[in-house]
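Both complexes shown next keep chain A, but they swap its partner, so chain B is in the first and chain C is in the second.
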Partner chain A sequence: MIRSLLFIPANHPGMMQNADIFNADAVIFDLEDGVIASEKDAAKDLLVSFLNHFHMQHKKIIIRINNIDEVQTIIHPFIHGFLLPKADEASLLLLDKTLTSLEKKMKFDHLFHVIALIETPESVLNALNIAKIPRVTGLLLGAEDLATHLGVSRTLEGREIEFARNMVIYAAKAYQKNAIDTPYTDVNNINGLKQDTFNAKNIGMNAKACIHPNQIDTINEIFMPTQEEIDFARKIMIAKEKADLDGLGAFSVDGKMIDQPIILRAKHILEKIKD
Partner chain B sequence: MIYIKTIASAGTYESNDCIVTIKKADTLSIEIESVVFEQFGNQIKAVALKTLDDLNVKNVSVFIKDKGALDYTIMARIKTACKRLGVYHD
Partner chain C sequence: MILNRLNRKIPSPYKPFISDDAFLQDTYKPIPKQNHKGIVKTVDSISTLFDILKIKDGMTLSFHHHYRNGDLLLNKVLEVIKQKNIKNLTLAPSAIFPVHEPLVELIKAKNVDKIYTNYVNGPVAEAISHGHLKDLLIMDTHGGRARAIETGEIKIDVAFIAVSAADKMGNANGIDGIHPCGPLGYIYPDLYHAKHTVVVTDTILDALSKNEISHEFVDYIIKIDQIGLSTGIESGTTQMTRDPIQLKIAKDTVSLIDTLGLIKNKMSFQTGAGSTSIAVSHFLKDIMQTRSIKGSFASGGITASLVDMHEAGLFEKLYDVQSFDLTAVKSFKKNDQHLLMDASMYANPFYNENVASKLDIVILGATEIDLNFNVNVTTSSTHKLMGGSGGHSDTAYESKLTIITTNLVKSRIPSIRKHIQTISTPGSSIDVLVTERGIAINPKRADLIQRLKSSKLNIKTIDELYQMSLDIAGEPEFYPHKDRVVGLIRYRDGSIIDSIYEV
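Take a look at the complex of A and B:
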């Protein structure tokens, strides 16, 4: 289960070599907006050298690329997947083709994942077709770029991205993919981060990207089920076993009627804490 | 007008990083200034020599201003500086 993804600029050795001590479930080494244009060559060389020398076994490494061509120069078995900026169907299919060819040629023992960065009005409206692509394992909402396209300012309430958040969530969930929320950019405002993360979780996001290590614990905690939810899920599963033996389809727990969708939710909660 | 680049650099002087400056020269020379020179000066030089050898870059003068960079960073910064100078291509 992925809850938190930490962006780290790929030209920052101090942060890169500490990536595995942060509690983020995944790190995104950023070759795109996190690196100024004149340093992109240096970032790419540093990233390749880093991958050749560090093996972060317990951390998923994702690379935010600038363009599909550069995949060939940075491909490495320790990479879990790629984050494609300004993703649309055509660019995702081209990336899939490129990765398929590299996987065959270089005989990697795993398939590379792709996360689509949804940050244009077109990609928001086309989110379902993007989520449908088998290689795509997650949709990440990029609200800052999207707000620029929309000509609006970002707010803590996030009303300006409500529609986009919902599109990302419904598209991702329709195909059992990760719905990953946009980073909260005010790194010193932990209360704001909490509110923003709850807003996202309560409507269906299952993970959130972040841009500072001090945001990770808050995000991880919010995306874990509460003790109350875990206790209730356990009660449901115990009651279900008994109901199965008694041949009952529906049953009640703590005065609430329990049927199939609620059992499924309970299962998901218990699966989450197993991870 | 054609400009011929004779000097190039890469890296920063932040913690865990180094600035590598490379100039075209008649022979290979390496100069190091490091916050950990006493402990790691020889190792930094060995890494620099090995990297230049791997890149097949010979006649350059290298200055490394180091602030605790690990080997992988020194190697990457040398490679980038060489590419920027035009003495190495991927």
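Take a look at the complex of A and C:
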């Protein structure tokens, strides 16, 4: 289960060195917008050197690339996947082709994942086709770029990205992919982060990117089921076992009728906490 | 030079350190309190006092650090020493801060030859490290200083006591007046045992809100323009850190305490100033509030975060030897459960049931720590003086659980070393080390290792943490120092735990 993805600019050795000590489920080493143009080459060199020297156990490493050509120079067995900015169908298919070729050549023991960064109006409207691509394992909403395209300002309520959030969620869920919410950029405002994360979770996002380690625990906590949800899920599974033994199709728990979708949700909750 | 039990070279004929509990075999022989006549004389200036007391070459003068980096008294006395060109003095300030830079000139001119202190930082530390002090710097602990004065090991001719207010009788405190500094916990050994005691203030009132100092122990009172800067007492930040590494260490520390089942009613707790300590208090407060835990006391230098916990009903009492911020000063003034703790009562190893001995948990820092858990808080990794034990060794020995928190790697410099520059606190007093990459338990605490065996905490051996730091930063070279001993680190029982060398 993925809940939190921490962006770390790849030109900052101190931050990279400590990337694995926090509880983020994945780390995104950023070669793109987090690195100023004059440092992009140095960042690439630093990233390759870092991957060669540091073995970050139990942490998914994702690289936000500037362009697809870059993949050739930074490919490394410790990389779990790539985050493609301004993703569209054509660029994703090209990236897939590039990775397939590299996988054959390098004989790595795993296939590289790709997360599509949805940050243009076109990619929002085309989200379903993007999610359909087998290599794509998640859709990450990039609300800052999108807001610029739309000519609007970002707000805590997020009404300006409501449509985009829903498009990402519906497309991702249609193909059982991760729906990853945009980062909350006010790093000093934990209450704002909580509200923003709840907003995302309540409509179907299952993970959120973040730009500061101090945001991770809040995000992880919100994307975990509550104790109340866990207790109820356990009750449902116990009641289901009994109902199965008694040969009953439908049953109730705490006065609520329980049917198949509710049982499935309970299963998902218990699977999440097992992870 | 001889080797002590920690294999550190110390000059003879000093008493070598044997173990942290060797003092249990010793008999305490305090000297009687000085018999003051109870008649307090007002003197118009420090210079006049020097004439009255015939302060001359070779005498010992003591001072205290309740104003910390806002202290103005020591510098004013130094001006008079310089004017009168008195030589070969011994100073016994409980701590020395950057504000005391004028002392450097007097050290170089041999007006001051020897210093007893518990902490030294800034230009004076730099000058001593470079070998300018003619005789030795003796670094005591807070409890050890009290012991040394009470036993006459440090003989004080004149104790200069900075207070924020006094009355005409000679009673005094640190909370009234225009420049309050808080409780005056460190003055008492000097007040009772110095040959002459002088209260210095900028405020004389008809009546005081509290008599911390009784006129019975005071000989002279001097009014000067300004005694100190209240803002100078604030040690570093008073805000919780935003540094994610520090926050992780603080969170993991509280998780450790919780996993050990120590967050419970009647618990007692001490931590220092500084942003990580504030973060530890913050996370501890959350748990205590959620579970309605009521602790017995928090102690030490008191900070706003501990005052906050006390006011929230989480600790019944605060035992305060000195305040680290103005919130603590105000609390001490208004709150009768915020109690003064004198240095001996705090941590003198021979004080029966000292407050430190009643601590369940103490959180301490480290500049360096070796594979045997010995801790350096006195010098930097280049051997330059930059601190001192203060209450580190005292509370580390006395508390039931002693936790060291430190970054495993600080700006590319590993904190765990095979060899550390100086030993301030013996590893036998340390129970746990918490770093951002794991928690190491001292093997001597088999009970803790057993209790944490099946916990979810990231438990490592100290050797594993050491190896991790080498993987990240490589093995740093041991920074060399010269052969000349410029100072001694005196353990709380009076034995010498390590030497400090010229750099």
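Note that in this section the second predicted complex is superposed on the first by the 275 of 275 C-alpha atoms of A that agree within 3 Å, B and C clash if a C-alpha of one lies under 4 Å from a C-alpha of the other, contacts with A are read in each partner's own complex, and residues count from 1 in each chain.
Please note the rule applied: contacts are C-beta pairs under 8 Å (C-beta built on N, C-alpha and C of every residue); 3 or more make two chains touch, one makes a residue touch a chain.
Note that the structure is a prediction, hence the values are computed from the model and not measured.
Student: Who does A:S101 touch here: chain B (first), chain C (second), both, or neither?
Tutor: In the superposition, A:S101 touches no partner, neither chain B nor chain C.
Student: Where does A:T226 make contact in the superposed view: on chain B (first), on chain C (second), on both, or on neither?
Tutor: A:T226 sits against neither chain B nor chain C.
Student: Scan A:H212 for contacts with chain B and chain C and give back first, second, both or neither.
Tutor: second
Student: I'd like to know which partner A:L46 touches here: chain B for first, chain C for second, both or neither.
Tutor: The first partner, chain B, only.
Student: On the A-aligned overlay, A:F22 touches which partner chain: chain B = first, chain C = second, or both, or neither?
Tutor: Touch status of A:F22: second partner only.
Student: Once the two structures are superposed, pull the chain A residues common to the chain B and chain C interfaces.
Tutor: 17, 54
Student: Using the touch definition from the top, list the residues of chain C that touch chain A in their complex.
Tutor: Touch residues, chain C against chain A: 242, 244-245, 247-248, 251, 409, 436-437, 472.
Student: Where on chain A does chain B make contact in their complex?
Tutor: Answer in residue numbers: 12-14, 17, 41-42, 45-46, 48-50, 52-54, 73.
Student: Going by the contact rule set out above, which residues of chain A touch chain C in the complex?
Tutor: 17-18, 21-22, 54, 188, 212-214, 217
Student: Over in the complex, which chain B residues touch chain A? Could you list them?
Tutor: Going by the criterion above, the answer is residues 10-11, 14-17, 69-73, 75-77, 79-80, 83-84, 90.
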